[in-house]
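Sharing a structure below in structure tokens format, with a few things to ask.
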Amino acid sequence: MNLAASNRTVNAGLKSHAALVYAFLYLPILIVVIYAFNDSRLVQIWHGFSTRWFGEAWRDDTLRNAFRISLITATLNAVIATILGTAAGLALRNVGRKTRSAFDMFMYTTLIVPEIVIAIASLLFFVTLGLPLGPVAIVITHSVFNTSVVGLIVRARLAGVDRSLEEASTDLGATRWGTFYQVTLPQLFPAVLAGALLAFTFSFDDVVLSSFVSGVGSTTLPVEIFSQIRFGLSPKVNVVAVVTLSLTIVAIVTAQALLRREARRVV
Amino acid sequence: MDGEGGRADLVLEDVTKSFGEVRAVDGVSFQVEPGQFFSLLGPSGCGKTTTLRLIAGFEQPDSGRVLLSGMDMTRLPPNRRRVNTVFQHYALFPHLTVEDNVGFGLKQAKVPKSELTRRLDETLKRVRLEELRTRRPRELSGGQQQRVALARALINEPTVLLLDEPLAALDLKLRKAMQQELKRLQERVGITFIYVTHDQEEALTLSDRIAVMNDGLILQEGSPNEIYERPRTRFVADFVGQTNFFEGIVEEDGDRVVVRDESGLTITCSPVDFARRGSTVAIAVRPEKIIPVNGAAPAVNLVEGTLTRRTYLGDLLQLHLLLQGGRELTLQRQNEPDDPSSAWRVGDRVQVTWDPRSSLVLEIDQAFMDEEDIRLMADSQG
Amino acid sequence: MASRSSVAEPRALLLPAWGWYSVFFVAPLLIMVAYSFAINDPDRFFTVTFGFYTDQFQRVWDPLYLEIYKNTFLMALSGTFGCLLIGYPFAYFLATRAGRYKTFLFFLVIVPFWTSLLIRTYAWLLLLSENGPLSGALQSMGLIANPLNILYTPISVWIGIVYDYLPLMVFPLYVAIERMDPRLKEASRDLGAGRGATFWKVTVPLTMPGIITGCLLTFIPMTGEYVVPEILGGAKSYLVGNLVANEFRTAIDWPFGAALSMSLVAMMLVVIFVYLRFLGRRSEESLGSFL
Amino acid sequence: SRELRPNDTGTSGAATPGATPELEDQLSIYNWADYVHPKTYGQFEKEFDIKITEDNYPSNEDALAKLQAGAKGYDLVVPTGYMVEIMREQGLLMELDHSQIPNFSLIEDRFLDTAADPGNRYSVPKDFGTTGYGYRSKFVKEEMSSWEDFFRLAPKYSGRYTVLDSSPEVVGSALKMLGYSYNSVEPKEIEEATKELLKLKPHVRKITSSMREIMITGEAYVSLTWNGEIGYVALDAADARYVVPSEGTEVWTDNWCIVAGAPHPAAAHAFINWHLQPKIQAQDTSYHYYGSCVEGEEEFLKPAIANDPAVYPAGDVLEKLEFAAANPEWLRLRNEAWTKFKAA
Amino acid sequence: MDGEGGRADLVLEDVTKSFGEVRAVDGVSFQVEPGQFFSLLGPSGCGKTTTLRLIAGFEQPDSGRVLLSGMDMTRLPPNRRRVNTVFQHYALFPHLTVEDNVGFGLKQAKVPKSELTRRLDETLKRVRLEELRTRRPRELSGGQQQRVALARALINEPTVLLLDEPLAALDLKLRKAMQQELKRLQERVGITFIYVTHDQEEALTLSDRIAVMNDGLILQEGSPNEIYERPRTRFVADFVGQTNFFEGIVEEDGDRVVVRDESGLTITCSPVDFARRGSTVAIAVRPEKIIPVNGAAPAVNLVEGTLTRRTYLGDLLQLHLLLQGGRELTLQRQNEPDDPSSAWRVGDRVQVTWDPRSSLVLEIDQAFMDEEDIRLMADSQG
């Protein structure tokens, strides 16, 4: 076959495959968006266009409350995970091989052990020690996993940060704290931000851990949706999906814009 | 230059630093006079950077002392030393503008705003970066980055400026231009420069004094002329410039040293004290010191050989002779139409000679030819 | 060599995270281990007697449960394989053909990843149902005669997990392919290899770290999957995760639940170990290098 | 007719009888999803100025698991009869102060003083229902009336069955079909029942307590469930029939209970009492299609509901029904059978 | 060398390739004789690599043809061309051993096992890698990697071997050694080499012919001697070697061309046809062609100036003279004790001269001095 022609065939093949994958990725989202405007009391049966479920969802205290709880727990979790993970990521540069690999093992196992196992282990932990289930338990359980996420991202980023930048800073008379604040942190910022966002998302999205360690009044949005899916679906779920989707897109676009601006300043 | 931080000498006293098994710096001592351009020259991994880092304070020596103006600063943290560094890859802060990079040190020192502005303007002007003050490092070319790094260090008026292969990342033409600029700058500001490089030509061109290092040791210290014209060991002779080596037994000592090598060649040298009759010595002859015999045959160091190859280098020619006994001898000649060698053709038998002063007698330094060197040489030849 | 730079942050910064892991990760797991060796008091509701009883593990050996472990393993394996099959050409496209739209196209892959997994999974419920749009579309195109009847079957679970974890496969593959020096492919063509030979002999081996990482990142959560079968699965698509959850949510048999999850972790470790051994040492670095 | 005993457990902060304790301004309810009329809480909140928060659970066991695991802060929970027994055994419930529930007297006697909670010291019936099955007569041509029909037709309508995600109901159905007691604790009987269930399993599409939607869409034809669920299905699929199997089956009450250590016991009592009003009862029944245990609510109901045998079975049918009666052995046997059923 | 794939010439016919706006290769034509060592020399970004990639088949030309042994192979995929490439950073397969890297091409060609082994052994021996056959690329030094890359290409006995700056990543000493080795190897196997480099010395040393490129164009093609001694344009003269430039008006043409520059200096050159009386020309004089006046004053090109600076390069000295009218002139002398210049001191007034044949008359090529060049030069000087 002619060189150019064979190139074209391969390109076309790859391209159409990619198009199918995008369809695969977006079809479900599209469906949910469409069904959010379904007039029907039933989720699966199309009855005509209506926005009435948006109103219903807005008036639904349970959903609003769940949304609020999710926001709070996910934020607290992200704060804890970001602080612990960033600190650990920084310290890992300076510890010996043994300490590092021991700590690595911790980080990787928190990621490897299936969520359901962590969920029940945490449940048993809180119950056995007589600690209350609820928002605090959710935040703690989430933050373990997310500390590893942030830690690994920060560490990967640090590996790319030239140590001599920090040396240059002390060489120019900056103190250790001054160096951290003026040189290390700005370098690290995109990673910390990315880590925090990931931690937030993982937590905001989590259903397994939350549903096992949630307690009174700490039903998060995913747990609420999950129990609705399991026990009787309301079309309001579609609305919730559309709303969170829009919020996510806004958040991502903002974050990207921020990161890009940072990136222009940093690196 | 402010009063207190003025000129001063830097002294290293028997400084040693190991990393695990590796002795990166091994009992290094030297003294640098105020305002000197002092170069550390040596192959990769010989400990140049480590020496610099010990002076800057990024590393702590295992033993020995670092003194500045007679004051021991061995235990002082880097931010308290009146020393600044130009890093190998510049280590410019990527998130700061040129201006903020250069002003970083003064801000740390809490210099008043007005003075900061003044010195910033002055320094940026000196390195001709006024136009680029609001750019970020990655928007700059290599040469411009290099100047920012220099400005960032110079603005603090350090007593000693450390430069770690500051030109290594630049391409040939730019490197040559920056060398000149660096030299002029150093002469103007009068700050002591400790300059690390593995480029012998650069060291020879720029320095007042050179210390040649290998394996953590300083092998020889001296002016460029001393280093090139009177290398003490084979390693130094070989590392700094090209050489023809001979090895032989001293037949005459005293006023005139005569050495005979295995192939029976007799080489006349200027007198050296350690060349005793009967001892084995090495002799190095630089290719450019060997000249074609033109007219009357010289009394000594007359060598005849067959021209086997001419390597054309544009401005220079390298002529490879095969001597009796199978030795090779390399000559370097300027590519001038009037040079006698320009008439030589490959296969010609030709005569060459050199001044006895150009026969450099070396101590045999097998110590420095340890296994690794041998492997490396074999490798680079094979 | 642990060389302390003069600008090093204090190592004590590691302690908070270390403590956090010890208390809220290691301790819970240890407690779970203790439960797995306990028994229930037969005469009282939900009273656990601790000790060193192996009763729970003996129960796990019931063929009924072993079957579930097997099904789980096969589901995770086929899911991983599905992700790889779909993900590789896709990641390849992104990394090599996307041109100046690369950032945007990659962004499009991330967006679903940042939207609720639960909702996206549940969307398949709508899509795949007998009266759903997919069924209708396929019928009107004449591709199937009867309504699509795959919801609440292992097939729908498979679709669900492949869908959920595809991005986790694509990211490391993308990184690996992107990182690969395109001149190596050219070198191979230059040496006479055709497109196919170049792909199998150069591209695949060189992106192996990405393949390994991607497979681990998808296989691991798939073995513990709980949500997808719960939503899309039917009576016959029960996985270990659901079994474990059942012991806690419905049966309230904590010791048995603990033993089941211990066994799950054990199975996973065995698989990972074998996998890494099989693929050699290189793979051990690969997970780390990706993260 | 019922002797009211003073609170003598001493474990709770409940007020002494007689005195009207001050009401807290909050109430936290742990309830089945969608189990009161959407307006109900609002009415109470308005009347008493008490803020209600509600979390939901999908099964008795889930609720138990959560409380057992030490979830603190709930005031009210709504377990089914047998679960009341388990919960009070576990010390999860607070003894009621009947003096604060004058409307208790409105409850029909037949729902009181069950084995699960003799003397109703811990529970007040909320509503009652039966466990049977529903089917779509549009798809199922046979007339179904017994557990035997249910099990027999499964192969024919394979893949169109759903069963509740709850062990006592499912295991009980097989026991009843085999002619045993719903509450059998004979291991051999349980084993037989398990065998029947394992035979049924291949034909089950989904084990779920939310079969409404797939019954309506026709993806499932037959569902083992509670009567109210089919009432809901029938709103959209008129051909849906609910069967109270002729072999007999379970009748159950779901009950208001106050959780031990409840932070707002007075409000909880007030809510229980308020909710027993026939008007409120009727409002809920017309929403969830489960019968009220209170006398006099019929007058507030539409006749269609009041006369629906699925909601209010005839007296002779009721005769044959059993309440579930739990004990550790009972529960253990059911759970083990259940786990096997799910795993199969 | 097998029969069919034997010697053949490579021809590029008016080949053009653009990337978006950039004309990377702009109407390039050249012809390479069988067995020739042909170099493409030019600054970064001038289109050298692109030219090579067009020959290898990694890029398709927008117009023009590539012929090998008279056969048009413009549309042939790379794996079907009897051409092999040594990539700039070697592009060794990191997952394969030395052996498998080298044998890769033969395996693709489905060469029988026994022959594969034989040729593998032979090739590995030729590049002295037998001992390292089971190592992986990253366990090799730079020089060893370079040899693997060479072996991997050579084993396929290509008609033409393309080498893209194969020595750029090596350090000075090793680069010199590998240059010699490469040259010897090429002479032995007789394969046509197309060699890309931006190092003028390397090109001069190794090549049979050199094409100097800039901005996608070939500016001059010729033997190393032609390129260095008779550069046609200012760009070529400047890029290949160092130069003193003069610009002036032709006063005499014919047998002897005499040019007077602005400062009044008269320069005598050998005759060139385009130098008409009254026209403006540029003249380049190489620093090494300028010699101290020793004894009798020469008739032409006698220049007097003040020595302002001596730059010591070890084997060479650069002498910077300030002439009347403020011009600078740079001389390069060998560092020999007998050279007349060795007696000169800074500040001395000295006389120098050069042979009229060493005054290179150039066409004024402002065309090539476009804005970017000017910016670049300003940058490298500033």
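A, B, C, D and E are the chain letters, set down in written order, and residue numbers restart from 1 in every chain.
Definition applied: a contact is a pair of C-beta atoms (placed from the backbone, for glycine too) under 8 Å apart; a residue touches a chain by one contact, two chains touch by 3 or more.
If you're wondering where the values come from, they're calculated on a predicted model, not measured in any experiment.
Touch-path distance (fewest steps) from subunit B to subunit D is 2.
Ranked by the number of C-beta pairs in contact, the top chain pair here is A-C. The distance from the centre of subunit B to the centre of subunit C, each centre being the mean of the chain's C-alpha atoms, comes to 58 Å. Taking each chain's centre as the average of its CA atoms, subunit C and subunit D sit 38 Å apart. Under the contact definition stated at the top, the residues of subunit C that touch 2 or more other chains are 5-7, 129, 131, 248. Across the assembly, subunit D contributes residues 68, 165, 217 that each touch 2 or more other chains. Of all residues in subunit A, those touching 2 or more other chains are 6, 43-45, 123, 167, 169-170, 229-230, listed in ascending order. Of all residues in subunit D, those touching subunit C in their complex are 59, 61-62, 64-65, 68, 86, 89-90, 159, 163, 165-167, 201-202, 204-207, 217-219, 328-329, 331-332, 335, 338-340, 342-344. Per the touch definition, subunit C reaches subunit E in the complex via residues 181, 183-184, 186-194, 197, 201-202, 205-206, 208.
Interface of subunit A with subunit C (complex): residues 6, 10-11, 13-15, 17-18, 21-22, 24-29, 31-32, 35, 43-45, 83-85, 87-88, 90-97, 99, 103-104, 106, 108-118, 120-125, 128, 140-141, 143-144, 147, 151-153, 156, 163, 166-167, 169-170, 176, 179-180, 184, 201, 204-205, 207-208, 212, 222, 225-226, 229-230, 237, 240-241, 244-245, 248-249, 251-252, 256. Within the complex formed with subunit A, the subunit C residues making contact are 2, 4-14, 16-18, 20-21, 24-29, 31-32, 35, 86, 89-90, 92-94, 97, 105, 107-112, 114-127, 129, 131-133, 163, 166, 195, 220-221, 223-227, 230-231, 241, 244-245, 248, 254, 257-258, 261, 264-265, 268, 272, 287-288, 291. Residues 40-46, 62, 64-65, 67-68, 129-131, 149, 151-152, 234-236, 238, 242-243, 246-253, 256 of subunit C are the ones that touch subunit D when the two sit in their complex.
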